[in-house]
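Two complexes come next, and they have one chain in common, subunit A, joined by subunit B in the first and subunit C in the second.
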Partner chain A sequence: MWQKSKPYLLLLPAIGTIVLLFFGGLFDGLLKSLGYFPAIGETGFELTAYTELFRSSAFWESLSLTVRVAALSSLISAVMGAAIAVSLFMLNESAKSRNTQLWHRMFQLPLTIPHLVGGYIIVLLFMQSGFMSKIFANFGWIGEIQEFPVLVNDPFGWGIILTYAWKEAPFVSLMIYPVLSRIHRSWRDVSRVYGAGNWSFIREIVLPAILPAWTIAAFIVFVFTFSAFEVPFLLGVTYPSMLPVYSYQLYTSGTLADRPEALAVNIVLAALTILLGLVVYYFSKRWNVMKGWD
Partner chain B sequence: MNKKPFLLKTTLFILLFIIIGLPFIPLVLSSLSFGWQWPHILPESFSFRAWEYVLFGSSGTWQAVWMSLLIAFTVTAVNILLAIPAAIALVRHQLRAKWLWEAILFAPIVIPPFVAVMGIHLTFLRLGLTETIWGVVLAHISPTLPYVVRAIIISYSTLSVDWENQARMLGAGPVSRFYYVVLPHLLPGIAAGASLSVLISLSQYLITFIIGSGQVVTLPILLFPFISGGDPAVASAYSLLFAGIAIVTLTVMDTALKKYYQNKKTAIEKG
Partner chain C sequence: MSDLRIINLEKQYSQTPKKKNPAFSLKPVDLTINEGEFFSLLGPSGCGKTTLLKLVAGLVQPDAGEIWIGDANITAVPPEARRFAMVFQQSLLFPHMTVEDNVGFGLKMQKIGKKQRLAQARDMLVHVGLDGFGSRFPDQLSGGQQQRVALARALVSNPRVLLMDEPFSALDPGLREEMRDLLSRIHKEFRFTVLFVTHDREEAFHLSDRIGVMSEGRLLQVGKAKDIYEQPESKKVARFLGLKNIIEGNVANGRFASMDQAIEFPVGESIKSGASYMVLRPEMLKAAHRHDLQSPDSLYLRGTIQQLRFNHGFYTATVQVEGHQLESHFSNQEAEGMAVGQEILLVVELDAIHLTSE
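After this line comes the complex of A and B, so read on.
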């Protein structure tokens, strides 16, 4: 009996905590989004919050902004991350130096920077009177502050995209690098024997090898950006705002009537992320990304 | 010696500088500036005014640092205690519906935790957990626990059963097997998980704000009003301090782990 139930007992504390704090919270939110709130005497279920939400143009604009920002962030960070990982790999191949460890650390620096700080760094760099604009002015590329494009607190979301591209590129390279390091030295030698140069080695061997991990990493960045709050709150505009910020605006707008709607936004957000998460899970299992090959 | 590594190194260095170095320059300059008009690349005059204010002038800074670290380490300690048994169960035991347990444990990685926190907010309010450190600690668990579990699982699955069996054959009971065989092997995983947990907890803004209602002042809460339109010099100094604390904490944890292994190694060599 003990042998049978032991593993479940070992799991119980962690599972219990997550169920209580996390799923409890989701369920609590779901009930309140449906208007069920016994503390203020509401015990009926209704879908008004959802129908209101789907009818408002603010919600749809917010959703399209969220998708756009998440897609561009993941794309840019994927390209940058792959460039970092491949160059670290090539350096390692050619030099075999102890310094590579140090390089790794340095490239991971943006990962350890808190999101709010990352956002503020982008503000200082890219606002109209920011560092970039000052550099451009000194080169004579622009003459007035207004000639520098609005990249921070802009309706398109460039500031948010830049922050995530910068912060998540090291994450992507961190996901790719273990796969790269499994490419045996002998493969490089064999490819050389057959006359492959650096570039065709990358194209024919490195790229196909990293493709699964690369796609998954980009997708994780997508899901993460999709539901992030801090950076869009700092670098976005009030309207349209990304979904988490939109929900927060509704939640703190003061009237209790808007709260079910805020919670409805959250439930929609949760449903979308679950869907995206399932897609990531399916492909990562299918491509065996986490295990690789031996 | 030969040209290629040199070329690669130079390219890499430039890449490194643009990606890592350049973004920090305006942050450092701005924290030391005393008026910085467009289009000057350097501030007109420098002063330590902002740093003096941040480090000595406002008593709130060190309280917020202490509060942030207290919350982060409490959360992490709880996480480790919860995660080790869960990882053992998931790696070593045959479980029915294993996918379900994994899905439950890893769900907060995918579903944004603030959704759950906003949902549970009013319940916390009724239980008197809002505006308290404990409430914030509880709220920080779901975004961090999955990463700790994952790190320990990865670490555990590289430990062959043979080692544990061998210890069993030599007469080690479950407790000493865990303490002398499993735990030392898990330490890197625990350390990696703990680092992630500390890092994630340190940088939470929204969750702390909702549950703490502005009364539990951690560094991000203190920082936000400054970076969203306050004094740029003070905002920059606070940002650097915040980033510095995150990096120092992680480095200290990393060094402590390395030291532990070095001591072990020399102990074995001597013995």
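After this line comes the complex of A and C, so read on.
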């Protein structure tokens, strides 16, 4: 009996902490979003926060910005990540040299840099008085640095998208690379003998191989950017702001009455994330993407 | 005619600093394989036969020499444009494609429409005995079936040359024989040119029109199975073909004598003087009766039976003749009454003795 339950008991402190902090926090948020807030004397349950939220145009604008930024950053980082991984793979196949290692390390570099620092790098590079605009002005491609497009703290969210694309592309390639290394070295020989050039090999063999890992990596990036806070806070504009920032603005607005609405935003975020997870799971099952690989 | 001609093809691998032994090199190979011929490269592992195959496929670039098919020089043509096919040691099927798609892969690369491609793939699957397996995935097939699919994939695109790199070595013996028969039957039916690499003598003898024996990066001898078996051009070839009873000696004044002078007999005028090896095939050694008249065209050897083993269908006797142990095959009838320790007189016709060099 002791032997059987020992591992569970040993795990209990860790699991307990996670349950308390994560699910406890989520549950507390859910209660407060439903108007249960004993600190201000509210002990009833109501959906006012949600109806208010769904009626406000600020919420819908914020949601559309969030979806746009998350979709574009995951799309760009997925394409870039796959390109990096495939290039590294082909490089590795054609020549085993020290250079390959160097390239590997270089592409992994963004992984080691915190998001906040990444955000600052994008600010320094792309703001109107940043490096890029100065370089463009020095080369005479633009007359004044003010002519450089507004890419940071812009209403479209390009600054945030650039940061995430740069930061998450290595993550996507890191997810794909181990799958690529499962591709038999001799498959390249086989495909060449049967008439496949480099591009046909990538289309017929490499892409189908990486598709499952690729979908999952892109989804993780999407969900992460969908609910991330610091980069949108640093690189976004005050209005419209991304949902996590919008929630923060409501929460810290100074009045406790806005808090249920702020927490309702978080619950909506969590619900959408779970929903997206289910959709991806359903499609990956349905496409049978893993067929034959195991 | 589109014969495959290999002209002085050479490859030297660079020395890696980690390995102390010298880097492998393929010495110049000169070889013509006729259209429709089944040609085997036979040799021990590491002798360069796979390197030669990859050179022909274009997967490895030669340092010197040329490859011609018919009157076209294809040395610089990339593998994807050679219209060859290759079957490897492992089936190397693509796991995410169905059997049909795997078989039709080469056709797809040739931009043949899906309908025609699948029809041809299905037809070829019938030929390799896998009718109805088209919609399965490779992981649902046994090793033998996978290799049949690999064979179908190779044949369906009607290749100019079919290259095979020890395709049956990963299969168990029963299956290997079955695949050998299948390949032999299919080759008779389609008559495509095959360059087959193996270290299995039996396989090469069973399948090939001609065989090339390789060792240490050199092509030692090319010929029909019977010719290279009966007349190996060197001791190395004889050894690799599993020939027993190879005895070192000298030819002088029209006679061969073993180093210890125990075995001696006259040789033809065409045999050059100098160091030589006699090769006595076990099946050519017979038991002679004492009262038989001794013929001048035969060599008689007196010895003692040291060992008598039953092999499937016949007996193998090890006979000690002076300082030499000779192996001899006897039928059940001949072996009747033989016993270990018994004296025996062996006889072999002089014509059946083969002399070869180092």
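In this text, the second predicted complex is superposed on the first by the 261 of 294 C-alpha atoms of A that agree within 3 Å, B and C clash if a C-alpha of one lies under 4 Å from a C-alpha of the other, contacts with A are read in each partner's own complex, and residues count from 1 in each chain.
Here, a contact is a pair of C-beta atoms (placed from the backbone, for glycine too) under 8 Å apart; a residue touches a chain by one contact, two chains touch by 3 or more.
Predicted model, so just to flag it, every value in this text is computed and none were measured.
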Three-chain arrangement built on subunit A, subunit B and subunit C clash or fit: fit
Touched partner set for A:151, first subunit B, second subunit C, both or neither: neither
Which superposed partner A:276 touches (first subunit B, second subunit C, both, neither): first
Dominant toucher of subunit A (residue count), subunit B or subunit C: B
First, second, both or neither for A:135, with subunit B first and subunit C second: first
Angle at the Cα centre of subunit A, taken between the Cα centres of subunit B and subunit C once the superposition is applied, in steps of 10 degrees: 80
Touched partner set for A:195, first subunit B, second subunit C, both or neither: second
Which superposed partner A:184 touches (first subunit B, second subunit C, both, neither): second
Which superposed partner A:230 touches (first subunit B, second subunit C, both, neither): first
Minimum C-alpha spacing, chains overlaid - subunit B and subunit C, in Å: 10
Shared subunit A surface residues [contacts with subunit B and with subunit C]: none
Residues on subunit A engaged by subunit C in the complex (per definition of touch): 184, 186-187, 189-197, 200, 204-205, 208-209, 291-294
List of subunit A residues in touch with subunit B within their complex: 6-8, 10-11, 13-15, 17-19, 21-30, 32, 39, 80, 83-84, 87-88, 90-91, 94-95, 103, 106-107, 109-110, 112-117, 119-125, 129-131, 133-135, 137-138, 145, 166, 169, 223, 227-230, 233-234, 244, 247-248, 251, 262-263, 266-267, 269-270, 273-274, 276-277, 280
In the complex with subunit A, residue positions of subunit C that touch it: 54, 57-59, 78-86, 88, 90, 92, 94-97, 105-106, 108-110, 137-139, 153, 157, 163
Touching residues (chain side subunit B, partner subunit A) in the complex: 4-5, 8-9, 11-12, 15-16, 19-20, 22-27, 30, 38-41, 81-83, 85-86, 88-90, 92-95, 101, 104-105, 107-120, 122-123, 126, 138-139, 141-142, 145-146, 149, 199, 202-203, 205-206, 220, 223-224, 227-228, 232, 235-236, 239, 242-243, 246-247, 250
